[in-house]
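First subunit A sits with subunit B, and in the next complex the same chain sits with subunit C.
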Partner chain A sequence: MSLSASSRQRGAIALLSLPAVFFTALMVVFPVGYTIWLSFRSAPLGHATQFAGLANYAQLFHSGSFWNSIEVSLALYLLSLALQLIAGTYLALLLFHARRMPAILRSILISPFMVPPVVVGMMFLVILDPSLGAANWILSLFGLPPSAWLASPQWVIPTIALIDTWQWTPFVALIVLGGLQSLPPSVYEAAKIDGAPAHLVFWRITLPLLLPTLMTAAILRSVDLLRFFDIIYVTTQGGPLDASDTLNVLGFHIGFELFQFGYASALAVTLTAMVFGVVLSLNRLRKAVAW
Partner chain B sequence: MVARLVKRVSAAALALSLPLGAHAAGFDWQKYKGQTLDVLVDNNPIGQVIANNVAAFEKLTGINVKVDIFTEQQMRQRLVTVLDSNSSQVDVFMTLPSREGQQFSGAGWYTDLAPMTKDASPDYDFAGLSPALLKAATFDGKLTSIPMNIEGPVLYYRTDIFKKCNLTVPASLSGMLDTAKALKKCNAATTPFVSRGLRDALAYTYSVFFHNMGGHYIENGKSGLCSPAGLSALSLYGDLQKHYGPLGVVNYSFYQISSLYRDGRAAMAFESSNELSDVMQGGARLNDTGIALLPPGPGGSHPTAIAWGLAMSPYSTHKGAAWYLIQWATSPAIQAKDEIAGIAAPRPAIAQDPQVKAWLAAAPVRQVWQNAVNQLANTGTSNVGYPITDNPESRQYIGEAVDKVIVGSDKPDAACAPADQSLNALIAKDKK
Partner chain C sequence: MNKRILHILVVAQLVVVALGILFPIVWMVMSSLKSSADVTAYPPSFLFKPTLENYTHLLETTPFFAYARNSLIESGASTILGLALGIPAAYAASVTRSSWPALVTLSARMAPGTLFLVPWYVVFKALGLVGTYAALILTQAAITLPIVIWVLLPAFDAIPRSILEAALVDGCGVLRSLWRVALPLVSSGLVIATILGFVFSWNYFLFALVLSDEGTKPLVVAAFNYIGEGSTDWGGLMAAATLIALPPLVLAIAVQRWLVAGLTLGAVKG
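Right after this comes the complex of A and B.
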């Protein structure tokens, strides 16, 4: 029995791509596998690692810092995601309906997410400086008292959420804009014939039809928001106290400042599991609202 | 201006290479010619002096040097990654013995430099280095690094504002609050007092309040953070920062403090003596600044005096060449250069160097600064945080307790209790 030409070609393609597939798998699998392996070991500096069973995980679940960072991460995640989905939808509607908007204005509106997060962090660090920043100067123009912004345990999470929203709203808006452009015009024509007011069209037609798109945006932003690190590292390093100590910031602190690699790996594995869990749940939800 | 700068740098490089070269007769600087060293330094003024002058060393010795310069945190991350994998990628590195000395020593990450000090150029003057700092860099009988500077928190204060308000630096620690209060009343536009508030950075400044108040971090094998003296220190530091410090001081470290003082927005700043050049940048504070140690408290005067050190990796495959670099970088000639850059040298004799003398005489504040540094050298201790292997973690718990008082979320005793519990666990772990 001889193989057909197309089968032989497929076999050759598979064989030739094997090194690349193997290399990619190694690059992905090795760090993850190594982190999982390290999470079950104690790793004292300068000495060989030793099997520690579930000790690192037990330490984690008994740690007040860990539960605080879960709380901080979830608060930041939920607040930022809600703000970004609302503001992103609003901006998308604005871009969709304002057909005469100059291209330059469109570019400016969507530009923040192209700025590196470290630059964003530095920028807002200056703007929100309680003594020298522009934000408190603006407040003073309205006779309002100055705020500590990033230095206030109460306000640090809302402030960081606002910074992240400033940066990532355009990204959400672009996704939603794509969704708006793909909505069936016939539904809107029917609504127009029936004389439905604009707000009803939005709540009853546009929003339900946009739900799958919004879920896609939510999934993409969830991955970033649950791993929130860069802006916090630049602006507060988890402070004041531990008010902005997200899981990723805590993991970095334990791993690269206290050099407790086994413990930090256990935290990293837990965080990864959380991200997977949330993304899978949102994905199921996205399928449920698909039309 | 660029030409003038190039001229100055060239002249300085020549001046640095000449004294060593001139005395090379009894010492073969070219012994390791052709070897290559990898050096890891902090991007602070001390590391920058090495990076800027390494060409003179290469010319003198024929040794090639690759200097990697990072911020402190990133430098430490790279170092730990390299050393933990037993790699020879780094030969020489900057280290802070008061922070990581015990931790790195326990990991076996330092080469004992004591035997090498016998193979030194006649110009080196090992005996001229501060004995206290050499002792602070000695762990388990091994000399882990050679001090590159001496530094500690000092009180920068505005002489013009003090004069206007008819005030003097308080004679005792208890007078700090009254002075800050009087400054607030007399000169409302200026922040009366500022010091570190950032959780992981404040142990450096807080420790002086704690020790002057009579506190000891470890008393009878237990944490002394919440001792009566400790609570008094917590209360004073917290009150000063909360009521007389800038808004948002819990996020302040050396950078924000120096900027605030340099811009004329603070009347007193308790910050590192190493910040002199930053504080004086632009010249606005050159003629209205006084520098003093923190006033003594019930426990006396115990200023913090620490040093950055230059250490050698145990995995270096060029230890001879590495020692040559260390002795060059910690030589009187380079440390005179450091001093002129506002980095106090760990050698008392440097103050007698003609160039240093001229530099000190050029601005009165420099001599005042030198006097304060001399006092640090004579009476300072190196206890920043707990003298245990997990010193970095101990600083975190101290910072948490202090910050709770500053933000007003807890009273000193309530803020201190959980920190003390965590610190006792660290002390117990250290004894195992």
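Right after this comes the complex of A and C.
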């Protein structure tokens, strides 16, 4: 501790975090422990639970819907993340070169991720309607054939990835813009003096220096994307068939429509392990590319 | 000259992107103002006679205001609870330079909601609290608390140590030094933490989907009912969507400059 406060004050300062710690223990740590415990028990609704060993996990890893959900979740995750990082970097470069950000532009940029995901689902249900939606009309203007969008088993994941990209690209762009603004100008001046062409400056200087910021954005988006729920629940409910049945949508179905708490807990624990695994690896990568 | 053309190209691209970002929101508002004949017209109509009939119909035939009141109570109270817990915790973490309280609450934000929902449901059910405001406020505070800490921790960190030290050495007590010295210095962070906490709580769907009942249902969950009816009534659906999105949009735009700084500061520090 850097402050020269008395030890009595130190104790008092530490006490200030107690309410938050107590709340977190009660509302987060205890439930997580309980869920892990439940994942080893059979827990049909209204009956006492019994120790079931790894039965729930065995059932999970032998279930076709679980592996389908892994595939769906990963496809949606990787596609959305790639789209958002690329579009976000492009938008950030535009904002950086424009130099000024008028209030109207900043307001437009924050709007998508301030809209409730449920409302995002509602507006795209109307826009993407296969017969009367505006999206197919726009396609027809370019002479393109109509798409079934959310109703098509092949296109439902790319469509949801596009919706999420619409909602979160500005957020990624604002973070990348922060990174761009913190780059040392001296590097650019040196490159300019050497007469390096613009595309070389971007690939050899800007992008490598931006990697830590991009990793931060990737971590923030990964957390949300791997547990994707709201927009799917209000638009497709995991359909058509199980083409958009992400792990979180499947988990919700097992837990709160079938009320198989032990099985749902095993799935929730597995999903959480995946999220933490991805976040920790990305964090490692972020430290590796730090400068 | 070359530079000027480049600048015009950049601005032109920004305008196109901004229009793309705006389009779905504008389309939602436009559709909510269309008559039932206009809203399903194909090709879509851009020139139409605006009407408020979707809004009056929505407010007359559904308990929209009751749901709005639930949203307000739950988001408001969970934001206050998040602030009450998060302000002292962020201050303590900043002064003592310890990062673990922040780490614990932030990793709580990383976990998928389904990880907490089963225990919450079981416990609240046993206590007879499923469907009560208490259950919804407590669970939504698990959303607001990490946001408050995320925004306020870098704000407290930015205060010169000498100021905090002087306040403590003057013997004005820990709580007083937080309340009288530190808090006024992070007032913009406080506004952002409050607004972001409220907005994310207002927008959060999963917990209330399971833990609310007809009497305590917030708007985002009630919206789900409107979708069922919306297949036949796009205008009504878009009127509901517009009204539900309005409070978070207005709040965020009112503080847009600070909000962007608050969001990205947390990210760059994180």
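Criterion: the second predicted complex is superposed on the first by the 269 of 291 C-alpha atoms of A that agree within 3 Å, B and C clash if a C-alpha of one lies under 4 Å from a C-alpha of the other, contacts with A are read in each partner's own complex, and residues count from 1 in each chain.
Note that in this section a residue touches a chain if its C-beta (ideal position, glycine included) is under 8 Å from a C-beta of that chain, and two chains touch if they have at least 3 such contacts.
Predicted, not measured: the structure shown is a model, and the values here were computed from it.
K.L.:
In the three-chain superposition, say which chain, subunit B or subunit C, touches more residues of subunit A.
P.N.:
Result: the larger residue contact count on subunit A belongs to C.
K.L.:
Using the superposition on chain A described above, determine whether A:256 touches subunit B (first), subunit C (second), both, or neither.
P.N.:
both
K.L.:
May I ask you to decide whether A:108 touches subunit B, subunit C, both, or neither, giving the answer as first, second, both or neither?
P.N.:
second
K.L.:
Return first, second, both or neither, reflecting whether A:236 touches subunit B, subunit C, both chains, or no partner chain.
P.N.:
Touch partner of A:236: subunit B, not subunit C.
K.L.:
Once the structures are superposed on A, label A:148 by its partner contacts, choosing first (subunit B), second (subunit C), both or neither.
P.N.:
first
K.L.:
Does the superposition put A:130 against subunit B (first), subunit C (second), both, or neither?
P.N.:
First partner only, subunit B.
K.L.:
Based on the superposed arrangement, let me know which partner A:265 touches: subunit B (first), subunit C (second), both, or neither?
P.N.:
Touch partner of A:265: subunit C, not subunit B.
K.L.:
Who does A:88 touch here: subunit B (first), subunit C (second), both, or neither?
P.N.:
Once the two structures are laid over each other on A, A:88 reaches no partner at all.
K.L.:
Just subunit B (first), just subunit C (second), both, or neither: which does A:16 touch?
P.N.:
In the superposition, A:16 touches subunit C alone.
K.L.:
Please identify the positions on subunit A that touch both subunit B and subunit C, taking each partner from its own complex.
P.N.:
In the superposed arrangement, which is not itself an observed complex, subunit A uses residues 131-132, 256 for both subunit B and subunit C.
K.L.:
Could you list, by residue number, the parts of subunit A that touch subunit C in their complex?
P.N.:
Touching subunit C from subunit A are residues 1-5, 9-10, 12-17, 19-21, 23-24, 27-32, 34-35, 38, 91, 94-95, 97-98, 103, 105-112, 114-127, 131-132, 134, 137, 140, 166, 169-171, 174-175, 177-179, 182, 213, 216-217, 220, 223, 226-227, 229-230, 233-234, 247-248, 251-252, 255-256, 261, 264-265, 267-269, 271-272, 275-276, 279.
K.L.:
Subunit B touches which residues of subunit A in the complex?
P.N.:
44-47, 129-132, 146, 148-153, 236-242, 256-259
K.L.:
What residues on subunit B touch subunit A, complex-wise?
P.N.:
73, 76-77, 80, 83-84, 103-104, 106-109, 191, 197-200, 246-251, 259-260, 263, 265, 390, 392-393, 396, 400, 403-404, 407, 409
K.L.:
Which of the residues in subunit C end up touching subunit A in this complex?
P.N.:
6-7, 10-11, 13-14, 17-18, 20-22, 24-25, 27-28, 31, 40, 42-44, 84-86, 88-89, 91-93, 95-97, 101, 104-105, 107-123, 138-139, 141-142, 145, 149, 161, 164-165, 168-169, 173-175, 178, 199, 202-203, 205-206, 209-210, 220, 223-224, 226-227, 230, 234, 237-238, 240-241, 244-245, 248-249, 251-253, 256-257, 259-260, 263-265, 267-268, 270
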